């Protein structure tokens, strides 16, 4: 994959609204990054008027290249995101990106996209890319959420999904249990699935990766690690892959082949 | 940017500007080429190199703190041999005009000599001796807090290289001038200060240290007042030039260090936040010189007026 | 606030909560009565007292720094005699139920003994010996960085008082456990740490130090990771209880210190920003205990899990 | 003077607008402090979402007790005030006050109010207090500003002034020179002036104080010192008065008798 030039751009807030008690959506106008960002890449943002120090990493949830808009979906996890949630339209946010290497796309078979929690964010762009930009078979999308209050994701992905399946921790919507549990049925229903791409909690990705490896389905996972820089210089985010090679989550990932991480 | 006002000779190394990228925060320099013009970087100071490859510490390595950060990378690096074979040629190709300073450490006095000798090659313009990394149990911290050990390392390094030798001091000491004088006497060509202050964050949910290595090194704006004080003290105690660093984010910060007595400065953690910081700081110094009608950055060095 | 969960015996002093107001940031306590209920304050630790009245340093005494502040007040205080005659009676009248700890320093070992003796009166519940104030040229800093001198001061103080003696340590040392052990051995009943780190800010317009006294003491959230680390180290090195402080702004911060090994904590600079901080921190600790089903704050002390 | 209880209150921004390139006006809704704040007192404010640490002191420029509004006028001097200037209506500001002792008022003679730079801010409330709340003789107001771009002060004070005199550094409006130079003429024109109250740069206050002392006119000056606490505990703001007594600018002042400071 060719690396695109990384840059820092001021993105004004176009809108910043609540999706659920702890998750917000943020739309920023930042033409230069939007023009080149690919599904699975991420950005590091900083509210220069805020009290936090380092940038914060967020996956590119979607882009609108016509209107130069970048969508991020963020959980109000701590100080930085809580301050972000207070900002009004027009406020300037420094955006660094696009960072990392995104998902890879092959010209055959259907893809099963699986997201858990805010890990669902990059699934949006990936789904739209598969179904609209690549004009291939629509992906099946499997989302693991806590409960029925987190169905706001549908608005973002339903147009791009061949089928949209939810699992909830409490059974308040869709299937009760983990996303993992829903996979066998999906694979049975869609034998043309050749790729799985997952973004979510490590334990979720691990289970799915192992299943995919066993079944011989190509699988990519998107990792999360604390990052100081996001572009390969702090070495805060490295790990040793199963091949023995050392990787940087920020620069070589965040997307990796399942075998290299969980194989 | 007016490079004639900024060009600086530091311990015999001719730099385009007095603003460098600090070790461990600037990669090998070339990672920054998307964000800035490497020709306008005073010097690239490499990630700390060691005799053998190191994987670094397990667990979380980065923690944000108020106006700063802790790191316990643990000197992850490919080792000196891979550096010389693969990385240095790449750096020299992609950044042919930028001064390159190799930062390194070892676990014994002999290690330091071996490293210095291996780094005494074309393409390396100077070496920075890290005697202060607080993360490595096998030695670093001892050299950095014991003046005799620091002097021994300095002598050993000097005996094995023809390059200018910068010794980087730890701030985790009672009196940094004692360390500075010991190292000067042992033959160092310049001093760099400060390295990180040892700190700790505890996760109150898990009741465990947040960092994999329990403690880590504190850097960023939070430490700037301590760093400026130490540069000020050391500048009055030694006659060799000083590379000042610790919390520099803006040209104004850098000018404080220059006035305190540093001839050059380095930007550390701020590179993570604003990857053009090294050049932006240089530009800001230049604008300040212009505004104050000064013809060269050296006119600021050590000019703080007391009393 | 559930005071049974919070009531703490610290070195023989019975406090309503483990959260005190730190010396020099809490006045004599009564200044805070508009903002909080003094009955809910663990202890008032007085502004540092000296044998004679002191006017403190000339010039600017306060500088903001990233997530912190520098001060060079220079121990301005009315002197021990005025304190005993005018201030203590007022405090005892307006805050009859709050533990009052007198903080003091001197310029010689004898001074410390004299001060301890004068403070051995009703209304003073304990004394905190400041051997670490970095602003006073005539002694403070020497006692704070030399284990032998610190031990001598501790012994002298112990010989002249029946009150619990808390010795307050300076963070400006290579190894704080050496100081802690020396002071413990000399008979201290408890330790307080940390005092301020020495820092400096230079005004780049005037080319002068911003502070009247050139350097000042750094405190506030910026120093918290250093303070937590030192408390953690000292807790493993001594058997006397620790009062932890340095950058505490919230209950979460305080809990880090408790887990690191402090039995009690004090809020310093944060009192300036949020004058109800001492009580708010105590309430937050209480809420945390409740949430985690803990019946007493002592169940947190030193419970950080390593490895 | 009875000390009022000090408190901390969240004041939402009602408006925050530019008066000149480097001076802004800020209106906060904070009923409890407004109810008791007196002319010459100050508040310490903090933008909890911002990057600065300590509170920042500002003189009470005016209050509207009916609408619970507090007016502050601030120069964009550094980081804190620059971040403040970015905040929109509705943003919450923590306000601590009322702090210090304000100006004293006696029931005889006319007052000459003199302000320089942003030191003019507390002159507004003082002028309104004299002319409306006390219903006494309207004060003469003398304002020293840099140039004609700083005449925005008129809007705030002209209704309360018997006469409004400007001096400008560059002569672009009013009399050229220092406020000091205009005093003799004013005293000649208004022999009933019995009190002078000044707030501005130290050098300005010093000159005026000395003149007032010489002429036997009661004079109060309002001092500025770097403050960490604002209520008497940090001892950052103390000074030794001419009487030999040590004062705290925050608690004993910021208003002092001219003799005690410059006598």
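Of note:
In this document, chain identifiers A, B, C and D correspond to the written order of the chains, with residue numbering beginning at 1 in each.
The working rule: a contact is a pair of C-beta atoms (placed from the backbone, for glycine too) under 8 Å apart; a residue touches a chain by one contact, two chains touch by 3 or more.
A quick note: this is a predicted structure, and the numbers were derived from the prediction, not measured.
Taken together, chain B and chain C share no touching chain.
With centres taken as mean Cα positions, chain B sits 36 Å from chain A.
Averaged C-alpha coordinates put the centre of chain A at 54 Å from the centre of chain D. Centre to centre, using the average C-alpha position, chain A and chain C are separated by 47 Å. Taken residue by residue, chain D touches two or more other chains at no position, since every residue touches fewer.
Residue positions of chain C touching 2 or more other chains: 63, 65-68, 220-221. Under the stated contact rule, the graph of chain-to-chain touches is a ring, a single cycle where every chain has exactly two partners.
All chain pairs in contact, by the document's touch criterion: A-B, A-D, B-C, C-D.
Taken together, the chain C residues at the contact with chain D in this complex read 24-27, 31-32, 34-35, 47, 55-56, 60-69, 71, 73, 76, 220-221, 269, 271-276. The residues of chain B lying in touch with chain C in their complex are 63, 65-68, 70, 145, 172-175, 197-202, 204, 206-209, 214-216, 218, 220-226, 228-229, 232, 247, 252, 255-256, 259-260, 288, 303-306.
In the complex of the two chains, the chain A residues touching chain D come out as 49-51, 83, 86, 88, 91. For chain A in complex with chain B, the residues that touch the partner chain are 5-8, 46, 52-55, 96, 226-238, 240, 246.
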